[in-house]
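In the two complexes that follow, subunit A is the common piece, with subunit B as its partner first and subunit C second.
Take a look at the complex of A and B:
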């Protein structure tokens, strides 16, 4: 009986291990990072949905001049109210609207164009490689924020335009990572072998390179891309080019609360700043934790 | 024993002279080509812009064709785009970046005047970032990630997620209210010079959002090098491990990451200069974007790209000088 039980246990474990070996091999601290990051990502998605469905504790535009700058926890406002008596929690939740979809747009552009250029550079002969590396260097020459200001001056301060720019400026990173991966696979005679067993080019690139070998890399880049989208969106809203009052964005909330920070009413700008901090930290830890677990494990 | 050894070293050095010079030339040409590319991109963005730059400036009051034509002529833009581009490029090469639509002053002079402030700010904060990141990276690559140094790595992550504008306000708050140091808002030219100079540099160096990446990169590179055979040999014969690992494990990665993060620093400078009223390129770019002052923002984009490219060029020079294998390698211009 005992032997049987043990056998069943090991076999069950064996099954699990077969699918999730990487989880067992991972360092606990990486799992902590990834867990925290996943929680944050979940909270962001939930807030986006809540904001989209208008399921908020208070009306975020509802001014109440009798309850201006109420400290957190007082008179039913969990995170206090801002300088016009608007509920900060509701505005924080609604603030995810400012970056979530635009961020996804930026990520999509970065990943699709990055994959395209990365494969062209890694797969095609030297001239294509050189041309693409030139373009990559060219894009890398511009400080992102300066390029964005240029586009704002030329077109209009629209967050979707801005995220297109962010997406394009992230293409180099993704492209060079994928190119490196292809180089790695080529060195292991992986591609040669795939050609030798008669796979066609499309299946090699789409299935065997992108799906089997670059999947985790693309997920990692997507999480880091979201962190960057938040950083850019909040910075621009702070600078006055992004979302405009009264529509809330974490950036313009910090800006409008900053004057009161100097008066000692710290929560007006500190709460949105902490939201930025916690969220960007979450996406960074998620990306880097996944990188440690999936990529470092895969290379060994 | 020593004779032939020295001889071979000498011949190697002689034979190495040409490739290094050639490599440097190639890097120079590449930099020049990239700068031409940069100018094309900047010009095309503005050319593709919907609406007329000049209608913004003139408003609705003088929307006649002749005024537009005069304005275009005054800014030096006429004809098809390549015509406009060549005129513009030729002017720029001669040092004529046009004049600011807002102030009427020549753009180049203005950029040079404020650019030096931005250079102080970015280089200073790069130094601060390295002062934070290098000890963390080195300790964790030397000992492996342990329970004792993991908090420091996490600290680097928290610091790089800090919104720089909020940190600026907190620092200003503490310096005004707690330490009674008022004149920090006057910028580098006013009041207590050192403090107004140091605060923005400190803030940007801490919260530019790259500390964790710098730590990660330096740590990975150093760990990789420490696992190499030649380090094991050095350790076995009792030589200093750090002296042997310095070039490949620290100098090259550090210069690479500095060059790669230069654009981020310049971007962060836009925000920090805004908060601290620092008279630099970032503030000028912000003002120009507000006013849609095309010549200024074009000039700043180009100046910033020149900063970045010169930084990258210096990194390549260090790499070629330090790494004897550089001349045998194909272009490594990817990555950094």
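Take a look at the complex of A and C:
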């Protein structure tokens, strides 16, 4: 048993080396991107939780007509107030509610359906591949905005409906990535070796292909999906199709504040606009950085 | 500990279609051999003689289309016996004329499903395989130790992660890998080819199989590493004593590791017998093909007298157009006028010329 103990010690060291080498090998630029992206993601998640628990500095719906459009920092309003005297910080925090859960829904749809179709198309040949490729191309060829507007017209301007559409329109991207990966891996020897040690097809696909070989790809798609969800939500809200007043959303905050830009009250719309910029940038950098670190790590 | 299994392969035929589906490649064409408990049987032959296809057919792995079309593969491990090609006839219809398969109708999908069911509990657990390309046979994104632990958890009856890890480390040590604790977390790209091969051997043994199929375990490694891997296999042979089917084109490897040997050519077995009868340097009676193969190996005489090495004239028989007579006839240098006609027109039977020594050649008896 003495031997075993020795193993455990050396292996713990080994573990450290094994887990951290890919970070050490990563370019500093990528690490900065990922760090920044993770901070943004954390802020978004925290904001969502704060908004959910109603732990806000002010009631975001509380109008104070004596303190309309006060500049940031004045009268205890850290980011100022909007044209109805509502606290901008509180509305910004609550604004994450508009895209966070719907965005997750969209991502879930895109990833799960994308993985499913990708696997079917990649693993089964001929008929399945052709049918799925056809459907996927069909979805891909449809202009997304038109589709979203159609759904809004047919149902109602609900952000969840919109995100379902966004999710579905993202299925082709994920599916083709997974399909390519599977077709690349399918004839690799280690898949046959996995069959030979007695693993069944399901665990080979789920574990060896999807989990070990596609997880970084899926994580990256998820972060990019969140960035896209924010972009779509805010643009639609800005256009007036998304989240409706008085529910705050970064998009409709930019819209309602835009009227006062010429009066010099710039913070009404620039604050949410900056929030959009910083957040989307964060998710994109997170995705890119992860892509560089994770994908390069295994490919060596 | 002796883990014994017996395997007897009879009339195994594995074909696949040419690209235009007009003809067959007869990759394995009527192979018979037997492995007894605890022994190592070598399968030797040039590239393209059907060695690997035989192995894949035994394990029911993808062996082309239509793949296995006939045969029985009896596997027994003392407690049970099973035909791994049971009910194959129900899925395959052959049109045979004069012993030639002219047409195959195979319900491939149905057979695959049926075969999966037959192989459940056999693949990996009873029969493990070591593949040719060591690095390619490991998942590049998973630490090697974890891959061994996976085999342990799958077959060795250990479900606990930590226990599986210890067991994997044990096997890493068994295959003589330095500081197993450190190597456990290495990815395949971080290991040399020889190390990967050791990991693969560990992985195959970790599921404690009764039969091990080693497909070219030394190919693709450089000479010193080859020698070390052979040393390791020899050592494991005495410690683990697992019944082994060893596939190699390297006669030296077979000589050192195998008890009996089957010499394969063009999808058929040409000679079969104890290694000392068949592969001895001055074997009395050999199949011309075996003799020619042995002639390709340099020995002390070649070095001392600066003799040129012999090569076998011609190419490996095209399994598309196997001649009607002996497969080796076109390249045979021992044909003499008396038997030429027979060699050309009729395929010889595999016959026992002395106890336990089988030959397929018209030179020996008629």
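Points to keep in mind about this one:
To be clear about the criterion, the second predicted complex is superposed on the first by the 282 of 300 C-alpha atoms of A that agree within 3 Å, B and C clash if a C-alpha of one lies under 4 Å from a C-alpha of the other, contacts with A are read in each partner's own complex, and residues count from 1 in each chain.
The rule is simple: contacts are C-beta pairs under 8 Å (C-beta built on N, C-alpha and C of every residue); 3 or more make two chains touch, one makes a residue touch a chain.
Note that the structure is predicted; figures quoted are calculated from it, not measured.
Applying the stated contact rule after C-alpha superposition, one finds that A:190 touches subunit C and leaves subunit B untouched.
In the superposed model, A:252 makes contact with neither subunit B nor subunit C. In the superposed model, A:145 makes contact with subunit B only, not with subunit C.
In the superposition on chain A, A:213 makes contact with subunit C only, not with subunit B. After overlaying the two complexes on the shared chain, residue contacts for A:273 are found with subunit B alone; subunit C is out of touch.
Of the two partners subunit B and subunit C, more subunit A residues are in touch with B. When both complexes are overlaid on chain A, the residue A:223 reaches neither subunit B nor subunit C. Shared interface residues of subunit A, touching subunit B in one complex and subunit C in the other, do not exist.
Residues of subunit A touching subunit B in their complex: 27, 29, 130, 133-134, 136-138, 140-147, 149-155, 176, 179, 227, 231, 234-235, 238-241, 251, 254-255, 258, 261-262, 264, 269-270, 273, 276-278, 280-281, 284-285, 288.
For subunit C in complex with subunit A, the residues that touch the partner chain are 59, 61-62, 120-125, 128-129, 131-133, 136-143, 150-151, 154-155, 165-166, 169, 179-187, 189, 200, 203-204, 207. Interface residues of subunit B facing subunit A in the complex, by the touch rule stated above, are 30, 33-35, 37-38, 41-42, 45-46, 48-50, 53, 145, 150, 157-158, 160-166, 169-170, 172-173, 176-177, 209, 212, 216, 260, 262-268, 270-271, 274, 282, 285-286, 288-290, 292-294, 297-298, 300-301, 304-305, 308-309, 312, 331, 333-335.
Interface of subunit A with subunit C (complex): residues 4, 6-11, 13-15, 17-19, 188-190, 192-199, 208, 212-213, 298, 300.
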